[in-house]
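Common to both upcoming complexes is chain A, partnered first by chain B, then by chain C.
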Partner chain A sequence: MVSPSQHEPIARSSAAVEARGIGRVFQAKGGPVTALQGIDLRIEPGELFGVLGPNGAGKSTLIKILSTLLLPTSGTASIFGLNVATETERVRRIMNIVAGGDFSGYGLLTVREQLAMFAQFYGMPYREGMRRVDGQLEAFGIADIGDRKISALSTGQRQKLNFARSFLNDPWILFLDEPTIGLDVSAARDVRSRIRAFQAEVPGRTVLLTTHYMAEADELCDRIAIVDHGRILAQGTPAELKRMVQREALFIVGLDEIPPSTPLETLRRLPGVVSIAVRDAADAGNDISGVASPMVRLAIGLRDDASLAGVITALAGAGAHLREITKSEPTLEEVFVQLVGRGIAESDAEARP
Partner chain B sequence: MSALTGAAATQVAERVRAETLWSRSYRARHALQSIGGRAYPRIFGMLREPSWLFFDLVFPILNMSSIVFLLRSRGVDEAWVSATILASALLTFWASVIWMMGAQFHWERDSGNLTLYITAPVGLGSVALGMAFGGAVGVLFRAAIIVVAGALLYGAAYTIADPLLFGATLLASIAAMYSLGICLSSIFLVSGREADHLGGLLNEPMQLLGGVYAPVRNLGAAGLVAVGILPLAPAMDALRQLALPQLGANGLLPVQAEIGILVAMSVVFGVIGRFLLAYIERVGRVGGKLLTRAD
Partner chain C sequence: MQTDRAADRSTGGLTLREARPFGPLRGSAADAARSLVAASRLAWSIEANWTQPLYLVVFLAIRPLAFLGLFLAVFSIGGRLDVASIGFVVVGQAVFQIVGAALQGPTHALLDDRERYRTIRYIFATPSSLLPVSVGRALVKAAIAGSSALIVIVSGVALGMPLRGGGVDLPLLLVVVPLGLLSIVGIGVALGAVCVQLRNDAWQYPEAVAGTVFLLCGAIFPLEVLPGPVQAIGAALPITWWIEGVRRALLGVASPGRLGTIPTEELVAILAVGTVVIWAAAPRLFTFAINRAREKGHLDRNTAS
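Entry: the complex of A and B
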């Protein structure tokens, strides 16, 4: 397939994605609109990198620039060392893209024909293309609808078809722009699992995912950048980002009741305890005799994990029955709120015209 | 986390870049494959929708019939009835050039296909050629049905003394029309919402200037201009002279000259079309709105 006929001119970046000072300004009727400003990003080969932000944050603009659909108004970006502005043809040979809510294709073609058409566009010899088409249909569990017209597919089936198309050329870099938007839970789970499998197959395959689903970013991504108003506010692994907002160890302790001899004030004075509050009272189900058994949950903030032992000892000494102890991790939503100053749903509502 | 760093990352990056170096012969084969790939839905997809086939044939035949009845009511030579049927067949190509070539990228943009074409390693030129080739083959079938229907319904008859020359003229006509179609695809895309109006403008007025139902010779200087810039005009004039020699005196230019004009148009429109496709891609990447659908 490949016949090298040119020499590499200079030392190039080994990063899968490298962006330096990327900015993008759109000319609109009301004046210039800044979609991105000063984006610096480095994604190593093999990473699954998430860009998390509300609608209008600049996520799609970033993907369009990196996938050669749009030129930046400032800065430079490269994919595996290839400049996205000037070496577009070469970049397009190693990439693919899937956008959420994508209804591309020709309704009169069957699923298999549609994929075969794209296999031609991606430069595969016919037989090799058809072999890959069948492989992807199997991998996405849509082989049974291979002869169905595109116009007769459900949203989930169409998105699986889009993914199958995007995997046809074994891209080294896959851009996923809100890929699970509009999918039901089961279809979204299938797609996420396939993305992971795709990356695991060949070391160095890289995925750049934009989403505003916090759980999706948390579950899938090796590293995440949180963007808002065209800027990267923070980037790191999900754990690193969460540590940014976690100033204390937070434990949830479930008791049948707060012992009268040990009120919360007493617990608050224990070494290492920062805060204690009743989080909720819940029905813990029936006990062994079938009698309903209530439970009180305490949210206990500690300077460190080791301080928990003193609290438990005090509670046990006062005769409390412990039902559960869990360590509470901050969520990406909490990270987002701290960085942006508002929740993602609130930001989406603001972005709507 | 499976990120590669250091020497492993460098190795992968070098391998990836090597895979992007395609030889000239590989690119040529890829371009041909892409043309075939894009032509496929045009040729085979259409046959799957019987209602389209019905409307694409019934409306031209009804239109053709109205003119045939008008001509017969005026008692004109029956050769003009045959000319009308030939014109109707040629008009199916012209309609395809306007709506299935001109308006196509506009539609492809709104459906999201254009984004996939741009980000695939396939040039827009190959996609446009595939659209043209597939469109021409698909329409050829419909045009043939119209001619057969005309012969059966109205007794249209043709005397083609040189079938090879007739075939070459038809081929040159189709090539010139679809080359113009490639230009129109870019122009329609840039014109946005005005695309429908542009399509209307290129329909009925161009039938008059193209000498579809009345010889372009009757248009005087306007006819000469039309033959110079509008592929429909020399195509219709030459095909009418070749298939209906009894109407030869109504031709504007000798057939060979008109074939030359058609070949020149194919080349010129092809070059302009290629330039325009590169232009819209450049403008789209700079402006940000031309190539992707509005979200």
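Entry: the complex of A and C
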């Protein structure tokens, strides 16, 4: 560990993560395997950045390199201006890592004992370490199992313990490798909410999350990089990525029926309308007298949101009764399919031996 | 002692935590000491708390006593079981309990953490080095094996093993035991560094090395029994000198053969020099090997599943 005098202040202008041309090739029996190639990445302090990709895309390899567990075969990477290959000791002081789906831990230790041990490995005096351990146990709602042996924990409790460990050193950056994999809905929700709270507590705290859960990435991440076969195919905010597959605004408008006086051809000629089609006919439920009420849904593509007003005015003027209007957003799954050429489940199946 | 706030350096909303003192130690020495203590506590829980105390004592006694009985039986069949032979075999067998544990300790710590507990990546990702962690684990293993050694010696005395006239040479014992233990842990550290490069078969390497050392170090028979070149290898092992030092401290007599002709002061000096040489090389080899494992991607590679 370095003494205070060896530290120069870390520049506030440093990117939380800066990777340039990162590549990683593993030597395997069947020949070299390229896990990453030419990864360029810049993550700003305070961002929650997601790396989205199928199994075998290189997500975990990237996290291992950034968290100093693995050296790249080409390129350079830094965390808050510290080189991950050469300034490992300082990098480790300001970061932490959690991998999902692993059953790590010393079964004979209690939850509190294991956390106390890691507090020592982080260089904390015993009393301060225990204060932090108790704080994290409270924060994750596992204070009641503090004296339980790790071998007796459920998967969700183990992952909460893993998270509690990762928060012990107040990391500036947290690397989360598929953190909710294998967790039930409730435990996954707790973990996601704790990630958000962790970031909100101190400005500048950064999270790099790998996942292949599209909804998780969409819900949590400020920006996302989509990776496949070791390359970044696209990166941006979820909204930016979705715009890549949808150039126009898409609205779903539910009507009791298409007014005979205003056929679709008429609507298509309205200003700003790009496309219009019957999406489906549905049962909108019973009306007030208990009679089933049919509904037709139109999928209307518009140049911009403002063009919707003209369409609604025309429909209302023709006597149509509006039942619903929703804006349809493309999903990250659609973005993924467009970029990768296949769905993520399909990609995972391909990656399995 | 610095306050928390004084020990921290703020950068915007983030706080860089500096190295904390550990007693009189500062900087990396403080961290190493803190990690050593934490790893020792862990090792105690793993090695000593896995069963009821009674079963642990039985476990610690049965194996060495069974081997002792075996060797004494062999000597007896060969018609060479006398008081001197009992002392020779008992001390060799007792010390080797500790040698085996200390030699295999660092490798087992690294492989256990990689393959069984799957914690190595989380420990490696702390500012703490794996070196004090491995050493702490090995020292506790050796200390627990020390109780096996004690059981063997007490059994030897019960079988008629004569202790040194005027009592055990405690000063000599207090010099040779720590030196010998340090040298063996140093060799264990180097062995662990090599084994972390290997796949799950790596478990077997330290056992093979311990078995070979057992043959070469004069634990059960004098070095003179071995062929010439092999004798030279045995004489180069610090374990050989450690066992000889313990024999002289406990029994008051030197081993038969050339080893027995070396003055005790010289023996201690050779053991001390050997320990220094080992500790000059072992941490460097360890650091090199861990970096290589990091380069190759072997560090957190789980090969057990």
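Methods note: the second predicted complex is superposed on the first by the 343 of 353 C-alpha atoms of A that agree within 3 Å, B and C clash if a C-alpha of one lies under 4 Å from a C-alpha of the other, contacts with A are read in each partner's own complex, and residues count from 1 in each chain.
What we mean here is this: a residue touches a chain if its C-beta (ideal position, glycine included) is under 8 Å from a C-beta of that chain, and two chains touch if they have at least 3 such contacts.
The shown structure was predicted, so the numbers you read here are calculated from the model rather than taken from an experiment.
J.: Do chain B and chain C fit side by side on chain A in the superposed arrangement, or is it a clash?
T.: clash
J.: If we overlay the two complexes on their shared chain A, which of chain B and chain C does A:Q199 touch? Say first, second, both or neither.
T.: Touch status of A:Q199: first partner only.
J.: Which holds for A:V111: it touches chain B only (first), chain C only (second), both, or neither?
T.: Once the two structures are laid over each other on A, A:V111 reaches no partner at all.
J.: Examine A:E47 and indicate which partner it touches, taking first as chain B and second as chain C; both and neither are also allowed.
T.: A:E47 sits against chain B, while chain C stays out of touch.
J.: Taking the superposition as given, does A:L82 touch the first partner, chain B, the second, chain C, both, or neither?
T.: A:L82 contacts chain B only, not chain C.
J.: Considering only the touch criterion stated at the top, classify A:E128 as touching first (chain B), second (chain C), both, or neither.
T.: second
J.: With both structures fitted on chain A, tell me whether chain B or chain C touches more of chain A's residues.
T.: Of the two chains, more chain A residues are contacted by B.
J.: Look at A:A164 in the shared chain and tell me whether it touches chain B only, chain C only, both, or neither; answer first, second, both or neither.
T.: neither
J.: Looking at the overlay, does A:D222 come into contact with chain B only (first), chain C only (second), both, or neither?
T.: Touch partner of A:D222: chain B, not chain C.
J.: Between chain B (first) and chain C (second), which does A:L153 come into contact with in this model arrangement: first, second, both, or neither?
T.: Neither partner.
J.: Please write out, lowest number first, the residues of chain A touched by both chain B and chain C across the two complexes.
T.: On chain A, the residues that contact chain B in one structure and chain C in the other are 1-4, 12, 26-27, 45, 64, 67-71, 89, 92-97, 99, 102-106, 108-109, 113, 116-118, 120-123, 165, 172, 203-204.
J.: Sort out for me which residues of chain C touch chain A in the complex.
T.: It is residues 4, 7, 9, 11-20, 22, 26-28, 30-31, 34-35, 37-38, 41-42, 45-46, 49-50, 117-119, 121-128, 133, 294-297, 299-300 of chain C that touch chain A.
J.: In the complex, go through chain A and note every residue touching chain B.
T.: Its residues touching chain B are 1-6, 8, 12-16, 24, 26-27, 44-47, 60-61, 64, 67-71, 80-82, 89-97, 99, 102-106, 108-109, 113, 116-123, 126, 149, 165, 172, 199-200, 203-204, 222, 237.
J.: Any idea which chain A residues touch chain C in the complex?
T.: For this pair, the touching residues of chain A are 1-4, 7, 9-10, 12, 26-27, 45, 64, 67-71, 89, 92-97, 99, 102-109, 113, 116-118, 120-125, 128, 165, 169-170, 172, 202-205.
J.: Tell me, which parts of chain B touch chain A in their complex?
T.: Result: residues 1-5, 8-10, 12-26, 30, 33-34, 36-38, 40-41, 44-46, 48-49, 111-113, 115-122, 284-288, 291-292, 295 of chain B touch chain A.
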